[in-house]
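You will see subunit A twice below: alongside subunit B first, and alongside subunit C after that.
Up next, the complex of A and B:
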């Protein structure tokens, strides 16, 4: 019995000791989109950073919410000042895991449907999410594309009564990350 | 024995979530700190009468309709001044995020003016800390009113005479957003008028102080005062003072206020403010701004 435990511990140590293969992007994009008959809101953030550990499936992403750009400067100002409150809550963060990572063969090109889950923090509020997306491997680049919606209420982002017709509660996020192999900075 | 397995399982579990924090550390290492420019020091390109440090961003066009009504104490017959409005129409456009040009026509003295405002410093934090925003504003106005200061009509005179109708304003605008509610601005100003009424100075020096306090979402209290060397005991002029509110909706900013200045052009309110706050010499004012995005900002 003891030897089994020791064996397990050794494996555990080994797996920690091994340099797990990681992929990184600093220029991932998130588009946000809301359309009502009254008003269309479209914004894009091209400065999303994310790291993925292809052995464990762990994935994290982080961005400054002020990096979202809108065509109308006034919409951008309202987004930052009145809704997302980027001064108070500068970052949005995701910490989670790709659940079916062991089904993916990273050694050759291919395309997979993925399921991921984890904690998404927006506007200082954290919610557990579970969503589906697509992962493609091509010439050493991992591309992850995910579309899902978030509810403003769930993240305590207040929309005034008079604007409820103009701004949807469900905001569509379109996420596109191109990961490249990560080499630790010297 | 079972407990041991449980402990091992827990260790693994904690290592797993720990490894996500490891990944987060990688991101924090890899992503360089950015310069975070402070946005929305003021809601509008004007504090009230005077310009704020704000400009239109690249490709954004601000169409403004500014009103100054008649004197508040003019009585019910004049509907307390509402019968008697002066209007300024203006277009202001952001060439890029730092330079804005403007063109305006005002009722008072039938004035046309062109202006340019550019950003010299932007308040920022993060990678580079800058405590204030500084913009430079310059305006040239041309008063086309017939009989203005007994000048001949424009069509009857050449440039050598008509140039007397020109006036110039230069302002250095220095502002700081202290927090999401309070912003203050100092505005050292210089005005040169090519022609003035007898006994007046062609050159005016002024120091403005203004600010806003945003006490609830979308509504701010605003004030603005200019000290000038143009006010003496034996002339009719007063220091310009205005107090009001900024109200923002989706695409508009409304500014509602009372002021003792009727002129809206800079050389006008800095040099020719005649209302006396202590004597009911006040005008209700109303600026409406609508911003159109002609091209995307980046």
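Up next, the complex of A and C:
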């Protein structure tokens, strides 16, 4: 009987420990940005979800490309229909790892430079990426800010000849996640 | 000679106006009017989730990019400086709805009063199915 109680206690402790390992956000943002003398494209998506495991450094982030909003309705239409083809490829996913996770002390406030690598899928095309970013811990919230560029060609996104001067091949992505501890309710 | 010049001038002026008008239209083309668009479907949030989780592709061709009306119990509500997100039915296996900023301004007191377990009906654009968020609707308007 006693051993059973101990077992239950151990499991309870374990599950509490496991809950604290994962952090989640469903309101992350990705801004995309391209600027040429002819044309500036700015889009924002505030419905990006991500889960981070602070023990292993595993990160998953995903979003639906239709959630991107642009200032000009016509740009939004072209983005969905001609470039990203959101009917055919509705989502973008990143699966990877923060490489220097063991250097980060999640028990207290602090700020770190992080290196992460993994597979990024956009427009149905997957590329291996390795980028740097910043991770800040403040009052139990983990904030990750990452800026990097993706090449349209690398993700097989075609730009018509007549627009080649207006749209850069390198598109800047500005990513912002505020993760909170993940507790599965009930 | 003078008549000839006049014609060219008129053509040039008309051309400039037409060109400017086209450019103006392109940059100011109105966004999709989700609020007043005809509903493609009216469905319970839990039903919408199960249709998508059973067959994502079928879900996408049925609901993807369409304006739909969903109702359900609020399982989770998150407010930050930029947006209000309401998850219906279940926090992980439900329908995640981002409210349009216009509806937040128009229904300020009502949006502030919303809490978990309230029942609500929303109308929005269906963006698809995400492994973490569930079914995602953006530009949602409050129906009741």
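Quick notes on this one:
One rule holds for everything that comes next: the second predicted complex is superposed on the first by the 165 of 186 C-alpha atoms of A that agree within 3 Å, B and C clash if a C-alpha of one lies under 4 Å from a C-alpha of the other, contacts with A are read in each partner's own complex, and residues count from 1 in each chain.
By our rule, a contact is a pair of C-beta atoms (placed from the backbone, for glycine too) under 8 Å apart; a residue touches a chain by one contact, two chains touch by 3 or more.
Small disclaimer: the values here were computed from a predicted structure and weren't measured.
Overlay on subunit A: subunit B and subunit C clash in the combined arrangement. In the overlay built on the shared chain, the residue A:136 is in contact with neither subunit B nor subunit C.
In the superposition on chain A, A:91 makes contact with subunit C only, while subunit B stays out of contact range.
Of the two partners subunit B and subunit C, it is B that touches the larger number of subunit A residues. In the superposition on chain A, A:62 contacts both subunit B and subunit C. By the touch criterion stated above, A:72 is placed in contact with subunit B and with subunit C alike. Of the two partner chains placed by the overlay, only subunit C lies in contact with A:46; subunit B stays clear of it. By the touch criterion defined above, A:163 lies against subunit B but remains apart from subunit C after alignment on the C-alpha atoms of chain A.
Of the two partner chains, both subunit B and subunit C are touched by A:26.
Across the options 6-14, 24-32 or 114-122, subunit C meets subunit B in a clash only at 24-32, per the superposition defined above. Taken together, the two complexes place residues 24, 26, 49-51, 60, 62, 64, 66, 69, 72-74, 76, 80, 87, 185 of subunit A in contact with subunit B and also with subunit C. Per the touch definition, subunit C reaches subunit A in the complex via residues 26-32, 60, 64-65, 78, 80, 82-83, 85, 87, 91-92, 96, 98, 125, 127-133, 136, 138. Here subunit B touches subunit A in the complex through residues 1, 4, 8, 11-12, 15-16, 19-21, 23-24, 26-31, 34, 36, 39-40, 56-57, 60, 180, 217-218, 250-251, 291, 293, 296-298, going by the rule given at the top. Contact residues on subunit A toward subunit B in their complex (touch as defined above): 1, 5, 8-9, 12, 16, 20, 22, 24, 26, 39, 49-53, 56, 58-62, 64, 66, 69-74, 76-78, 80-82, 87, 93, 95-97, 118, 160, 163, 166, 182, 185. Subunit A makes touch with subunit C in their complex at residues 24, 26-27, 29, 46-47, 49-51, 60, 62-64, 66-67, 69, 72-74, 76, 80, 86-87, 90-91, 178, 184-185.
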